[in-house]
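Heads up, the next two complexes both have chain A, just with different partners, chain B and then chain C.
What follows is the complex of A and B.
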């Protein structure tokens, strides 16, 4: 046993048996996947508040989400929108996996989510109460609704999952890190982990916090606001939503007679505190190292990877660094690269989780989805970017990349399973 | 000052802590059903106390309302506090 509590030696196989999606591309994995294949964008001018006086006005909002129809009524005033999303996605994922937590050992089930903003909108309202009316107007639920672990706690309580629960706050890389942690838990006595991430910070307080990164696009045309790897890249657009996944030991899935979407084959993470281009041109080194370590973890060679789901920052220097890292490992144009997140915007803790769900749907369908909306690749990005339409190439292995503000850098490899019916 | 009633407790619980589909706040047993059985925990009772304090201009010492077990007990407690204040 190492200091991390993880036994050395070969691991058990970790498979994904259920997907729950709440995204600007639609509610439900099937609707999301239809939008991805059709290149149907969920970006538009912000409607959740009047964005006129803010420099960034385009976002990916979840269409038609009504909490009262999706989650228990008592939890609506007690939790933030990011938790509403996760509760709905968790229920959908469990249903998709035909997993009934009441029939499984409660201490062998866990919840591990990623959160980047916490309950921002809830917190904003309570701060308004504080400053406009006084401290006695701050609601008691502020104490549990705002913080990063709120979602994990509420999902754990709702489904009676009492194993080693946790939350990971690694900005936009967190969705992959949560899945990496879920896989570890399967080796230490857990059999089923609800994992993934959601975020919902499309409120003035949340947007202003994001503006401080200087990476949000100020473009007013939704079709031009988020163009990663493109010559016209001008930053990124924020999105809300995310995905929850049922991660399960292969033995547990087999016992339950459930066919998985796919398998978590390898994972690695690193940290790169530097920002912007470096004079020595090594901006891509950490990401390249993380990719290599994920491949080693999966005992795979670069040639085994059929598609890369890029982090796709939309910021030219970051795009270039990612393209160089991919090129260094796979060779120029050595692997198809795609970024369906141009349809959703960058969804913070929810983004990488959704990318993994999209990758699993792509492997299930045998299709590499395209990156919609790009016109002209940026100079220096020597990658085989999948543009214009999906490629029906029967991919079996996908690499998902994610980078979070401040230096979080993660990679996850997923392999195809034998599931044939995305969530009905 | 209007009389404080069970309807006020129902109204404030609905607004502050929400209500589940399976919970019947309008049932005949509401007044004598323990808060826990109605799905309300200590945080819900804290929020109930906060809102009553603000709306009715009374001071409810921390924990006082949380020690009541049912809406009926809470009603009696709040009425007693109101009577003290307006005496």
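What follows is the complex of A and C.
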């Protein structure tokens, strides 16, 4: 055994047996999937505060989320909305997997979440207390609600998971990195990992901080605000929510008699240290290399991949780089590419985790969902974008891509399982 | 397919710590038993319950940062970049010549760029007056403050890394967990070199206020020099600190090939969670003991092989009792035989960063064969009855050392380091005979 617990021999199989979704497209995996197939957008004018004074006013908010109906009442004032989402999604994922943590070995279960900006709204409230009223007005829960580890800690406590829990913050790429980490844990003695990510930074300070990235769309029409790979792309729309997944060793799932949605086949992460466009036009090179490494990790060839769920930045230069990377690996138009996240906006720590859930639902249903709302692909994007309506092509393998602010670049391959009944 | 057994070694250490500049000054402070705790000067702490901290006397320009880097980076980012540069220089590695896809970064931080985030909030909200904060006052790097991942981005750019880069944020075990993550990247073959460590700069009103609110930090404001008192009967909470340590971790074989000087090999690492309470600890130390047990198992070691324990030793009533129980539970009689010390007595508790500073201290302790002391330890606590190396550093023969961390959210982490294999004497034959074949098979 190695220092980090890697055993000799091949890596064990990692399967996904449960999905918990809280998204602008709906609460629950089934409702989310219906919205995806119908191309029903969750984007709209921000309602959580009055956005009139800000240049970006459109977002993907989770409709009708009432924490009191989803999580224990005592936890509501102790935690931020991003943790509310994760507690609810974790509960749903465990139920979907018919997993009862009380009946599984405590040290062989873990929680690994992605966090992008922590308890943003909670933190703004407490800073307001501090600056308006003084240090003694800062509440006792600030110390456990604001920090990036709040969600993992609370989910671990709630379900008695005492294994090697973790928190990974790689901005929008974090969801894939958390799932990649869950696979490592299965390789080092864990049997079940609750993994994924959620985000809820739609408070004034959160939005204003996002504005400074210069990448938010200032378009006021929700149908025009987030159009990745489109000639009219003008930035992206932020979203809230995310997904938690039950990732389990194939042996554990079999022991429990649970049919998986699918399998985590391969994963790779890399980094692009360049800021802005590269003069030599190689902006796509790191992403292409990460895709190749993920394929190698899965022992798959490009021709084995049936659909790519794109990162879909919505920023023209970034879209072009992604299209080039996909084209370089798969050939021009060599693989269907889709971005159902046009319905939710980019959800930071929650985005990539939701994309993986969507990909697994697509494999389960045998359908490639379309990218709703796009009209005219941008020049130079030589990819086979799935537009207008879903394709019933029976995909078996999906590649999910994610890039995070600053250069994070990750890729995850998922394969179809034998489950046919997406519930919840 | 059998994966080759790869091992990870530390070949460079960089530190930004209270009480001095760089790695050598840090080690001098620790071995002198000098405390760097004082009254808070970074902000006006009047009215706060706890008004002491261990601050870094840090001048970013003097430390080699450019004016643009100083503007762009939060204090935590400045610490990390300066520590990373020192580590790279110390290791002698030629990073520009390395394959960038094989270079990774793993940085820990508990509270990220909280200082920049709070300073900007105060301006944008006009001193907290408006909920609808005014974006027209936002600095261009505000988003970089909101996401802690920026800290890893800065180190990755410095290293020219194109391999896996991550920011690990598991509260007060972030530092140990980030180094452990780096070790795993090397062992699994995702990278050959990883800059691993952690950084935190939490000395701002909001962080101080939130620890005030739960009475976690010491109210002992009259005697700042002696305010951090781990394992002492009079301890009354931790003293906040700040800083960063970054290490160059390399795959052992490639480090050997380039003739690198090795501080230590990472022999074992494990994390467990108590799933009990976000801030509370059960006195029995059960989950920390389990993390220690697993780390020893992964290192193929017995409790008797551990020669020194670098404790979490935060100086709260519950932590030091919890931890002492965990050592006894996992190591049995050996817990009473080995020196145990807490360097937080000197440099305070820098949240996520402290684990990296503690691993740096362990690497230096192994190299110099000196155990840093627990300063300010004078009044015994019957529940803390181990050899905590009070006040004075001690020359001590060490082959393998254990470092542990414990934090909000229930995280418990243990890491075992060993002196480099070429200077380490042959281990006890009986144990090794039983374990050796398994390792050989793996290779």
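Please note the rule applied: the second predicted complex is superposed on the first by the 414 of 424 C-alpha atoms of A that agree within 3 Å, B and C clash if a C-alpha of one lies under 4 Å from a C-alpha of the other, contacts with A are read in each partner's own complex, and residues count from 1 in each chain.
In this text, contacts are C-beta pairs under 8 Å (C-beta built on N, C-alpha and C of every residue); 3 or more make two chains touch, one makes a residue touch a chain.
Every value quoted in this text rests on a predicted model; they were computed, and no experiment measured them.
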Figure out whether A:74 sits in contact with chain B (first) or chain C (second), or with both, or with neither.
first
Mind telling me which of the two, chain B or chain C, contacts the most residues of chain A?
C
After superposition on the shared chain, which partner residues are touched by A:136: those of chain B (first), chain C (second), both, or neither?
both
Give one of first, second, both or neither to describe whether A:154 is in contact with chain B, with chain C, with both, or with none.
second
For A:144, select first, second, both or neither according to whether it touches chain B, chain C, the two together, or no partner.
both
Once the complexes are superposed, what residues of chain A are shared between the chain B interface and the chain C interface?
78, 136, 139-140, 143-144
Touching chain A in the complex: which residues of chain C?
1-3, 5-8, 47-49, 100-101, 105, 110-112, 117-118, 121-122, 124-125, 127-129, 131-135, 138-150, 152-153, 156-157, 160-171, 177, 180, 183-184, 187-188, 190, 205-206, 208-214, 216, 266-279, 287, 290, 294, 297-300, 407-411, 416, 438, 441-442
Along chain A, where are the residues that touch chain C in the complex?
1-6, 8-11, 49-50, 53-55, 78, 106-107, 110-111, 115-118, 120, 123-124, 126-132, 134-136, 138-140, 142-144, 146-150, 152-154, 156-157, 159-171, 174, 177, 184, 187-189, 201, 204-206, 208-214, 268-273, 275, 286, 289, 404-408
In the complex of these two chains, what residues of chain B are touching chain A?
15-21, 23, 39, 43-44, 46-47, 50, 53-54
Contact footprint of chain B on chain A as seen in their complex:
72-78, 136-137, 139-141, 143-144
